[in-house]
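Every chain is named by a letter (A, B, C, D and E) in the order it is written, and numbering of its residues begins at 1.
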Amino acid sequence: MASYAGELSPAVRVRSLHRSFNEAGGVLNGLDLDIAPGEFVALLGRSGSGKSTLLRALAGLDRGVAGTGRIEVPDKVSVVFQDSRLLPWKRVLDNVTLGLRSDDAAQRGTQALAEVGLAGRERAWPHELSGGEQQRASLARSLVRDPQLLLADEPFGALDALTRIRMHTLLRRLCEVHQPAVLLVTHDVDEAIVLADRVIVLDGGVVRHDAHIDLGTRRSQADPAFARLRALLLAELGVEDDHDAAPGRHADPRLDERAAS
Amino acid sequence: MASYAGELSPAVRVRSLHRSFNEAGGVLNGLDLDIAPGEFVALLGRSGSGKSTLLRALAGLDRGVAGTGRIEVPDKVSVVFQDSRLLPWKRVLDNVTLGLRSDDAAQRGTQALAEVGLAGRERAWPHELSGGEQQRASLARSLVRDPQLLLADEPFGALDALTRIRMHTLLRRLCEVHQPAVLLVTHDVDEAIVLADRVIVLDGGVVRHDAHIDLGTRRSQADPAFARLRALLLAELGVEDDHDAAPGRHADPRLDERAAS
Amino acid sequence: MTTLTAPTRPVAAAEDVRPTRRRLGPGEPIRFGGLIGIAALLGAWVVGSATGLLDPRTLTEPWTVVETAGTLVENGRLQESLLTSGVRAALGLGLGVAVGTVLALVSGLSRIGESLIDGPIQVKRSIPTLALIPLLILWLGIGEPMKIITIALAVFVPVYIHTHNGLRTIEGRYAELAETLGVTRGEFVRHVVLPGAMPGFLLGMRFAVTSSLLALVVVEVINATSGIGHMITLASNYGQTDIIVVGLVVYALLGVTADAAVRFIERKALSWRRTLAS
Amino acid sequence: MTTLTAPTRPVAAAEDVRPTRRRLGPGEPIRFGGLIGIAALLGAWVVGSATGLLDPRTLTEPWTVVETAGTLVENGRLQESLLTSGVRAALGLGLGVAVGTVLALVSGLSRIGESLIDGPIQVKRSIPTLALIPLLILWLGIGEPMKIITIALAVFVPVYIHTHNGLRTIEGRYAELAETLGVTRGEFVRHVVLPGAMPGFLLGMRFAVTSSLLALVVVEVINATSGIGHMITLASNYGQTDIIVVGLVVYALLGVTADAAVRFIERKALSWRRTLAS
Amino acid sequence: GGAEAGPKLALSAALPDAPADGTVLRVGDPATQVALETSGLIDELDVDVEWANITGGPKTLEAFRADAIDIGSVADIPPLFAHWTGTDVRIVAARETVDPMEHPTYELGIAPGVDVESIEDIEGKKVAYSPGQAQGALVLNVLREAGLSQDDVELVEMQSVDDAFSVALAGNQVDVAPLGQALVKTYLAKYEQDGASTIAPGVRDDAWTLYAPTEVLEDADKAAAVKEYVGLWAQAQQWISDHPEEFAEAYYVDHEGLSPEDAQYVVEALGEFTVPTSWDEFIARHQETVDTLVEAQDQEPLDVETLYDRRFEKAIAAAVEGSQ
């Protein structure tokens, strides 16, 4: 599962991408990014750092947003939105198969739903699903269409540990079969390291850190390399102490205002 | 920060709570739960296990749902919803101060926003916030009103590591000052152990596991007791191996259908 | 299984104690609640007439209305009128709804379509239908086609406006989603636009059905020999208050029934919504 | 700061290459697009009249209309009519909107209110306004109050229905939220219900403004000596097509302007929405 | 309909005897239609007639303009307004009442509690006035007859749509309003107990005409058909006068939906009709109305003679004499 970056012409090529929502300041400030075909990139970044903005730009969904830059992406792009964005007027299966034009669409949709643990819920309305179930339905919708580029915005955020591991398994398996380029936003550093070929950290509107992961296929948290990478990435994200302290337990003063844009 | 359970009459008392959405089967099946005043309880459970259903029952928001049981809660209950549920037609500050009747409501709202890292965003529309920012705004809305019971449904799900730690700090500080009973849903076992006085695991519609945490105020992941508790809780959630393996990396067959309800 | 010996506690009278919270939404629908107001109206009419508060010369007494209706049924005029008007209204409604929906789609989905269609429709709806009749007579004569098209013209406006508005207020994120799913324009219309605009369309239908009935009064003034509108017009020519009131009662019945039917469809077709009402 | 020596590449003509994706929404609004269709309509009228396709006895030629309008302005009749009608329509509109909104709130927020109010309103709207006029004359006379109340009766129906519908289709989760925030009923109405029902209310207003204008034709038949509706009615009695058409043009102008005004307010007041249109 | 025009015919040329085959005459005259059908006279009609259920000034004029009918049946006012507003029409038949002062078409309704016993008493009263309608002209004629000017009364402008006038009277919104005989019965039945009354207008208001757009008369086939029709129309009016019961039953009860008593009342109130074989007096009286309107409403002066196509006077005379 080596990275293909540089070997082939990249699946995604982004050059000096600027995006801003108001005069005050840009969200993306000259970002460059290449993703090779079949490469799995995890995107870390603080809340409000512009991860979703980048994904929307790659998906071509930011027509109204001011900005410049050059973006090249494959034709077949699939997006898992941060909100699960199921059409409320369609039952779950119809949401998953929407726009699928193959004859066995329903069958594939049912199978995809079973894979994300929603067997038997095909005819449920979206509002009848729990938060995590909605997220999985939306994941199934993306996976069922074999994209060349998968843009996933925190697709596992609302999942418990076990379900999350299952979804990891599923995603890796599908990636092995169909080899899409993947850009996956996550807040879980462990998840990023476990899943990705490469982890990038977005900060200040550019890629501040870009780490290839060479831990082999069996990645254990016990592995010192894993722990080092983890500490490094957390440091990039501003967390020095890594959960060792329960910070609330010492009389910590007011938060600094850094997270405020 | 010892648990008050049993010392005072409980803030929350739930007896044989049943809830079901259809004839097929109940989501909650005779759940019993007491939460002492000022106690901080973390609620773990698989996706679709009924955590939100329980919170909605405690909040009195499930009028239409079939079920029986006895629920006693304090008067002032505040809810952080799984979706952040900001009113789209109100600016962020107005969302936070909605229903606050004190004279300095705007000031308190502004301060709460600053505390969650949204200083300067008071006049933004909800749709202009990133996912994590929305979640923090919704947290600010709950915290600003000093409830006797705080029901929080994955309030930190969309936050990065640093922001999450800050929010932990904030929440603990407010809890120390106002001493509300807290029931917090999370998928992050570490978070549960770090924050809570007590961790409960919901499974099969009842409280399957109920663990008081006696790790003192400084809780380190390095502490063997911490690691033991963590392994125990993960086992309760069905995760035996604890991230040691990247499960997708071995050719794992189809997921079992257990997660499908 | 067990024999009854003494009255015991009913099985599983499980307690159901929930936190009481001030309900802010409207709460559970009252079964047949809609009829209460109408019954009250009817009651006021009966009482008002019986006590003489309502001058029967202004508003005929209910019993006289029933009597007159009986006579009209006996001599067949009422049924005939209902049939004629019903066919006219239905044809006009069908035509108007079809045209209104198609125009709303064209104008809602393309800015060029909108800039061509929307203005003239706003002009049309600002102009009293009565004033258009001479033109319609000129172009379509005084026969049935003119009548049906006039009804359709009254009907298509609310259908157009509501469907267009419903369509335009579909949440933008669903269009985004559709774009990322690579659906065709046809699929977009079928799976996103039409269901998303359905609430608007159905609200439009509520106005459309009553418009089609109300338009009868206007069109059946011209070269009609039967129909509810004709019956009312004729009766008011001769000051036959009782027949007028029969006509109005029929109107009320038809209107309320049609509205209730559309709302029933609304409830069924929009069961996916979680609103204040549900 | 820098002195211009030779024409260089314009500063920062930074490239902006974005993935092209089939646009499924309607796209950017065309500036003054709404006028294109109206201009086309006007063009058709001019051409039709000039070529004789439109019989001037049925639809007066535009130039004659301009001439007639000129005469009417000169002798002051048009201004006077506009003023009289404007005041009437505005008063009726104000009254109707107030009543419609209050009724919609009462009926939308309480099932008891609904069961009492909703039925009678459905009955009212199924009945032709014309048929109510005799009753209104008997109860209110033939003076201004009758006219204004008749207009208000025409106006309040769309306001009621749309506001009620808008209110009932507010997402239930916002009511839930409000319940957990412990807001009072008044705050709930002010902060959740009114803004949430605003889209519906404003759609209702689009119908209300035209209804108030259209109602003029009905009320100004009775005991009026000036007003646009009176002018049209009188002219159609005399068969003065040119004056009728002037009246209709005025109607179209007023209607389209009022509608555009409401839509402008809509865009401003509902700027928080992210819809297909935005 | 009027698709294929027949040969052109000058308005002064003699009327052709018979229309070409296939000529269809579109007639808006339901009362005559009923009379012809009930009496069986319809069998004598050689031309094809397409009946339209259209009467009254505004509607017939609208239909003329839209070329939807060829001939309409109205009082004496609509042809004047047609002329004044630019639609070229000709009167092709005239009818009056045998005893017009005893059988006026309209009565003056007096509101409950208002003391008006003769037309002179309307001085200072509120009078419903609908300019442009026959009722409006009647009010002007009454004022003239009573020797009053418009300033001597309070004219309340309102349209006589449906029963608006009787409602306005009942609500004491106006003191005096002209009511057609069909409304008089119901008005008195309802409000006589409160002191409502009616008085005769004291002027003739019995003029009734058939009129047609000039183009129709310039079409030789249509003109011939009209000639045919007015002849039979005259007989139908005679039949109506001779068979009031049958006409009341057939028209007012079956066609218009009145109760038999009301129908009887209306027919009796309207009295017997006669179709004059000479129009001189009819035209003279019409001219008087015209002059009143010209003065009161600022209309363009008109020699009403020019609106009459007197070729049909002879045709009618021939038909009436022939049938007797």
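Following the convention adopted for this analysis, a residue touches a chain if its C-beta (ideal position, glycine included) is under 8 Å from a C-beta of that chain, and two chains touch if they have at least 3 such contacts.
The shown structure was predicted, so the numbers you read here are calculated from the model rather than taken from an experiment.
S.K.: If each step moves to a chain the current one touches, what is the fewest number of steps from subunit B to subunit E?
M.R.: The least step count works out to 2.
S.K.: Using direct touches as single steps, what is the fewest number of steps from subunit C over to subunit D?
M.R.: The fewest touching-chain steps linking subunit C to subunit D number 1.
S.K.: Going by the touch criterion at the top, tell me which pair is linked by more C-beta contacts: B-D or C-E.
M.R.: Most C-beta pairs in contact, of the two: C-E.
S.K.: Name the chain whose C-alpha centroid is farthest from the C-alpha centroid of subunit B.
M.R.: Most remote chain from subunit B, centroid-wise, comes out as E.
S.K.: Nearest whole angstrom, what separates the Cα centre of subunit A from the Cα centre of subunit C?
M.R.: The mean C-alpha positions of subunit A and subunit C differ by 48 Å.
S.K.: How big is the gap, in whole Å, between where the Cα atoms of subunit A centre and where those of subunit E centre?
M.R.: Inter-chain centre distance comes to 85 Å.
S.K.: For subunit A, which residues are shared contacts with two or more other chains?
M.R.: Correct list: 59-61, 77, 83.
S.K.: What residues in subunit D touch two or more of the other chains?
M.R.: 21, 23, 55, 58, 130, 134, 138, 173, 178-180, 182-183, 192, 236, 241, 273-274
S.K.: Going by the contact rule already set, what residues in subunit E reach two or more other chains?
M.R.: Those would be 62, 65-66, 162-163, 170.
S.K.: What are all the touching pairs of chains?
M.R.: Result for touching pairs of chains: A-B, A-C, A-D, B-C, B-D, C-D, C-E, D-E.
S.K.: Note which residues of subunit B are touching subunit A in the complex, please.
M.R.: By the definition above, subunit B touches subunit A via 1, 21, 44-49, 51-52, 82-83, 114-115, 117-121, 128-133, 136, 153-154, 157-166, 168-173, 187, 189-190, 194-195, 217-222, 234, 237-239, 242-250, 252, 254-255, 257-261.
S.K.: Which part of subunit D faces subunit C closely enough to touch in the complex?
M.R.: 21-30, 33-41, 55, 58-59, 108-112, 114-120, 122-123, 125-128, 130-131, 134-135, 138, 158, 161-162, 165, 167-173, 175, 178-180, 182-183, 185, 188, 192, 199, 203, 206-207, 210, 213-214, 217, 232, 236, 241, 244, 247-248, 251-252, 254-256, 259-260, 273-278
S.K.: Could you please specify the touching residues of subunit B with respect to subunit D in the complex?
M.R.: Subunit B residues touching subunit D: 59-61, 76-79, 81, 83, 85, 87-90, 94, 98-99, 125-127, 141, 145.
S.K.: Considering the complex alone, what residue numbers of subunit E touch subunit C?
M.R.: 1, 28, 52-54, 59, 62-63, 65-69, 162-163, 166, 170, 182-183, 186-187, 190-191, 256-258, 262
S.K.: In their shared complex, at which residues does subunit C touch subunit E?
M.R.: 57-58, 77, 133-134, 137-139, 141-142, 221-225, 231, 233-241, 243
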